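Chain nomenclature is as follows: A, B, C, D and E, assigned in order of appearance, with residue numbering initiated at 1 for each chain independently.
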Amino acid sequence: MEFNIRLAANRKSRAVLPSDKTMHQVNPGDLISKDSGYMRGHGTYFDVDEGKILASVAGCVERVNKLICVRPLKTRYIGEVGDVVIGRITEVGNKRWKVDAHTVLDSVLLLSCVNLPGGELRKRSEEDERMMREYLSEGDLISAEVQTVYSDGHLSLHTRSLKYGKLGQGILVKVSPSLVKRCKNHFHNLPCGVTVILGNNGYIWICPLQSNEGAEGGFMQRLDPISEQEREAMVRMRNSILCLAQYKMMLYDTSAYYAYEASSQYQLYEMLKPEAMQNIVNMTRQRIETEM
Amino acid sequence: MSAANEVRAYQRKEYLLKFLEQDVRPDNRGLGDTREAKLTLGAISTADGSAMVKLGHTVAVCGIKAEITRPPTDKPDSGVIIANVQLPAMCAPEFKSGPPSEKAQVLSDFVQQVLLDTGMIDRTQLCIESGLHCWILYCDVICCNYDGNIRDAVLLAAVSALKDVSLPMAQYDAEQENLTIDKDRKRQLTLSCMPVSLSFTLFDDAVLLVDPTHEEETVCQGQITVITSGGDSICSVSKHGGASLNPEQLTLCISKAKQRWCDISKLMTSNHL
Amino acid sequence: MPQDSRRNCHTDESYHPDRFLSICKFNTQNNTTVINDNGLRIDGRSSSDSRPIFLETGFVTRSKGSSYIEIGNTKVICACYGPKQLQSKDTGLRKGVLSCELKYASFASAVHKTDQANMLEKEYSVLMVDALSPCIILDRFPKAQVDIFVTILEDGGSAFPAAITAASLALADAGIELYSLAIGASLQQHKEWALVDPTHEEENMVALLGECTGSLCIAYMPGLSQVSMVSQQGYITHQQLSQGMVTLIELCKDVSTLVRRCLVNSIQRKGQQESSVGD
Amino acid sequence: MAEVLLSQAEKIFIVHGVEDNVRIDGRSCLEYRSFEIETGTVSNASGSARVRMANTDILVGVKAELGVPALRKPDEGKLEFFVDCSANANPKFEGRGGEELANDIASMLSQAYGDKNTLDMRKLCIADGQHCWILYIDVLLLEVGGNLYDAVSLAVKSALYDTKIPNLTLTTNEEGQVEIDLSDDPFDYSEIDVENCPILVTCCKIGKSHVIDPSVEEEVCSLCRLVVSVTRTGHITSTRKVGAGSLLPESIAEMVSTSREIGISLNEALLNKLKGRI
Amino acid sequence: MATLKLTTNDQVEVNNYHQDGNEDGGCSMSIAIPGQKLMDINSDVISGHGTYEHKDGIYSSLAGYVKLEENKEQPGKTMVSVQTTRHKHLVPVLGGLVTSRVTQATPRFCKVDIIAVEKSIFEIPFRGLLRKEDVRATEKDKVEIHKCFRPGDIVLCRVISVGDSQSYILSTAENELGVIVAYSEAGAAMLPISWREMQCPRTLAVEFRKVAKPTADYIDQIKELLHKIVIK
């Protein structure tokens, strides 16, 4: 029996490795700009007396034209319309589900925003109201799209497309939302045999490869055992994504896949060790950099 | 059967009325009949004195534990008796777990008061050395099954458990300032009298029901308790709530209570044999 | 000491009389052997003998189901209420919930119980939920809670296993659907001896003698042949533990025939009552 | 317990994974995660340790104080366990929310340490019936992320290893009373023999198999767990079934022997690591 | 031998299993206890009330008499069930009839205590909710709660949903459902005079209620009850 016990004194620092030289990192209260011509965005505040824009969170400064934002390293998800999110049902209420999507306030999924079994154009009856728990119950995971962002920050979701809906067997990984890169597509069928849904809210879903045609809104679920090969691929992907997240690397299809390939020299269980993690991250980073 | 049960559940008052019109009670007793009382002494071997009382279905168990303490400052020559009544959540659906309910507190005070105020026990016999050591009797009554008239049951349990108490001999050596206890030699307590209570309730402000069951208590008002201690002596008469009584009714209560004392005293002696 | 206004109490502290036993007496008390040269225990049983058991249902008339059990001097009453509607919002939507409360009467043990928040009672209550919830078909009463209240009137040893047996009997009496009854049993390992169904004195010996001893308590579900609770403490070997389990399971099977007989009797009695009412 | 919601399908995935011997973090069923220990974390305690195992984070402080031995055991010192569930670990622990879990862990620990052969309490006695050391062991749960019992017991053992008890000199005065003198030298101390202190090993029944060192998700999937406390010599000092499930006698036997083997080697590994540092 | 002191029965019985043997085989097989295997699962038997299926057998989950009867819905199959002398239902069941007492009436709904399901009477009531739209099958919009129910009325309802965790959702939208017992302002039990009115026998005042149409069965029961009381 082998045990891997470490002393904290020997711990290696897990600081963010500077990858991007142009990255401008700030702490709360740090000066970002004295130029009053800029507009202040999320994560900043305006010091009226001094006429300066200061950071209110720790993170990286981003500029889009005249808008200055700070993208925090660790945060809750701030919704944007059209984002793909993964959420977990926490409560079944009156004509709505409450969803945990890593936002500050609970998100809601209205009964009217869901494709019910039996077709898109079906009328919702009183029967459906009583059957809500049969469709989605507490603990179920869904993929959804943000439909509305209300002024207080809570989100309304919808799953009115066959690619969204209830999720079946798979692994959920939670990372900071700021690590998920905004892309055109967040559903990725990777060549290693897994499907990864990178939710903008930092929830990442890893499941066996799924064809796009057979999407049925998740009401038909596969509950038979998953083959060992598929399972290992999924677990490897999970550990790879956690490695990247631990070292604050941006997550998108390429980085995830590269990390997966970089990990191939390790056994599954070895990937939990800090040395292996660092190695995988370094290899991934190098590969991305050379390709840029 | 089921219809009768439904009326019993939904229209309790009507149900009882139907019986009382026939001068009979749902458990087949007459209006003035008490339930059968049973008494067992010394059932709990871990206690220094114990008794179990049954009035119909109502069951109360009293166990007395004796410990050593310092006598109260105002009465250096006397011992201490502490009575507590518990109505655990087990005994009926209406009781909750947690600290003693109001009802339990009222009962505790009632028992404590009767034990002390009737002078049934001379507390100086609990004293070992004046001002220094005395016995303290923790007299805990637990209601195991609550089916009405809990007052009579707990009091009877407490009184008969006191009768059952046997204390180890204690000796104080003034020179050595040493208290020794000899568990092999024991003594009984001397009780000067035996207070026995009998409770009544009033149905419809008019009909006196003796030794009521829980079912009767829920639709009746008022409680009359008469405590007698043998012969003609009456320790206490109390009446709470309900309509006023006429003197004849009260006289009836008292005479029934006297009769009750005789019955219980017979029961007690038969148990001691 | 803070005064509790809801109970009658004395202002001074009080002490157990054993504190004042003359020294020689105190010592002789400790020196008694648990098991003599003939392999007999203090009360004359052999190590594998259990004490006589008395069981009865319907003790607490206004409960849904109740039971009374007596094993040697141990006396336990148990009552079961419910199912009643759950108060809290988030739990038990699909399944029912079981709650147990075990209380010692203040005169149940050698020492008068004063401690209001008794740790042992709490621990036993938690263990009891673990022991009984596997045998209840909880999905037959969603959104509801079944309460079990146990009062130990006298602890003459093995009170907790007796409480488990009593509770499952009360559940059966209440007509709550069960996968199986749960029967409790315990033993006390003393050197090479496994003392089955120990008395209170034997349980206490361990604390005092304390060399390579231990206690083991299990709850066994004879219907499913599964163990629903294990609780062991002390210092014993792996072999002793597994051997103890085997011994106790046998004991549980024996006790379960008594529980069965008690239930059959109570059903027959109820049947007779009903038919006599019918006439 | 820190409850995590899981969908039915996720649970099925985990259960099948355990049966295939591939857990969601890539471990096999009988594999322990790597964990980190740190001793001497709290400078004003007699001994302390912190254990971090995945998301479980435990801090243990030991404080030695003088006291009076118990009436029934005049020649022994005392161990007092106290567990504090920080509301940081789980918002549910706020107020009295963590009490049940705290009592549970504390009673499990005192049962595991209940026997003389684990930690010799007689060595903590200073003068028979008059003075003894009382070790107050405070366990603080900073974060709860699965396999709590194991992590706590590892932290307790490490903290006891770290504990330094000042040496005392005893003198008897004319009245036969024992007087105690505490040495002024801060380096004049003795250590506690933790060789045979037990470690709790949780064996979690999932589907038809069992795993050790379960993650939070795995704990949710399992109906019942067996917590076994094992000493270095392979003696079992406490066993407890936790959770609402029931077990076949054969699986109990299997789980106990798994836990025992893990416990023996884990004890060995921990001691080696602790000693290696000095 | 222990001396038994706390027993409720007069006859003291001591069970000492050393003398026990297998004599309980003598008691008729028709009594089962929880966890007892009743039979192997086969295609001809259905597990009914008070039983459960486990592995390859049908087991009893209650203590009571075993009953074998032909299943009404699937002829040719035998239903095995265990009947207790106690209440059949532990909790209100979806679609079942319940008896409830109105505790609160608002313009939009009534809050009720469910005190019985069919013949099983609960010691501790369950909370139920009777919404305005579920009072009547027709003319739902014209329902006025205060003309249908008053606090204290005993109402027969059907459970239409287990609802959220707070209360069961009930309905009286059937002729046979509605008020079965109500008291007039004078305090007397009123008699039904139409499907929407009841009359006080003392003052002859007429009050509005959503009255349940008494079933023949119910009338029989009342007769039986009166008969019994007269005999006593």
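In the analysis below, a residue touches a chain if its C-beta (ideal position, glycine included) is under 8 Å from a C-beta of that chain, and two chains touch if they have at least 3 such contacts.
Going by UniProt, the chains are A = EXOSC2; B = Ribosomal RNA-processing protein 43; C = EXOSC6; D = Ribosomal RNA-processing protein 42; E = EXOSC1.
Nothing here was measured: the structure is a model prediction, and the numbers come from that model.
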item: Reaching chain C (EXOSC6) from chain B through chains that touch each other, fewest steps; value: 1
item: A-D compared against C-E, more contacting pairs; value: C-E
item: Closest chain to the centre of mass proxy, which here is the mean CA position; value: C
item: Most distant chain from chain A (EXOSC2) by Cα centroid; value: B
item: Cα-centroid distance, chain A (EXOSC2) relative to chain C (EXOSC6), in whole angstrom; value: 51
item: Euclidean distance of C-alpha centroids - chain A (EXOSC2) vs chain D, Å; value: 36
item: Where chain C (EXOSC6) and chain E (EXOSC1) are represented by their mean Cα positions, the distance between them in whole Å; value: 33
item: Where chain C (EXOSC6) touches two or more other chains, by residue; value: 19, 59, 62, 73, 75, 81, 93, 135, 153, 221, 224
item: Numbers and ranges of chain E (EXOSC1) residues touching at least 2 other chains; value: 6, 8, 123-124
item: Set of chain D residues in contact with two or more other chains; value: none
item: Touching residues (chain side chain C (EXOSC6), partner chain E (EXOSC1)) in the complex; value: 51-56, 58-59, 62, 64-65, 68, 70, 72-73, 75, 81-86, 88-90, 93, 135, 137, 140-144, 153, 172-181, 221-224, 254-255, 257-264, 266-268, 270-271, 274
item: For the chain D and chain A (EXOSC2) complex, residues of the former touching the latter; value: 5-10, 12-13, 16-17, 19-20, 22-28, 30-38, 50, 52, 261-262, 265-266, 269-270, 273, 277
item: Chain D - residues contacting chain C (EXOSC6), complex; value: 71-73, 100, 103-104, 107, 111-112, 114-118, 223-224, 226, 231, 234-249, 252-253, 256-257, 260
item: Partner chain E (EXOSC1), residues of chain B touching it in the complex; value: 2-7, 9-11, 14, 18-19, 22, 24, 40, 42-43, 52, 54, 59, 61, 93
item: Residues of chain E (EXOSC1) that touch chain C (EXOSC6) when the two form their complex; value: 1-2, 4, 6-9, 13-17, 20, 24, 27, 31, 33-37, 50, 52, 54, 59, 61-65, 84-87, 90-91, 122-124, 126-127, 162, 165-166
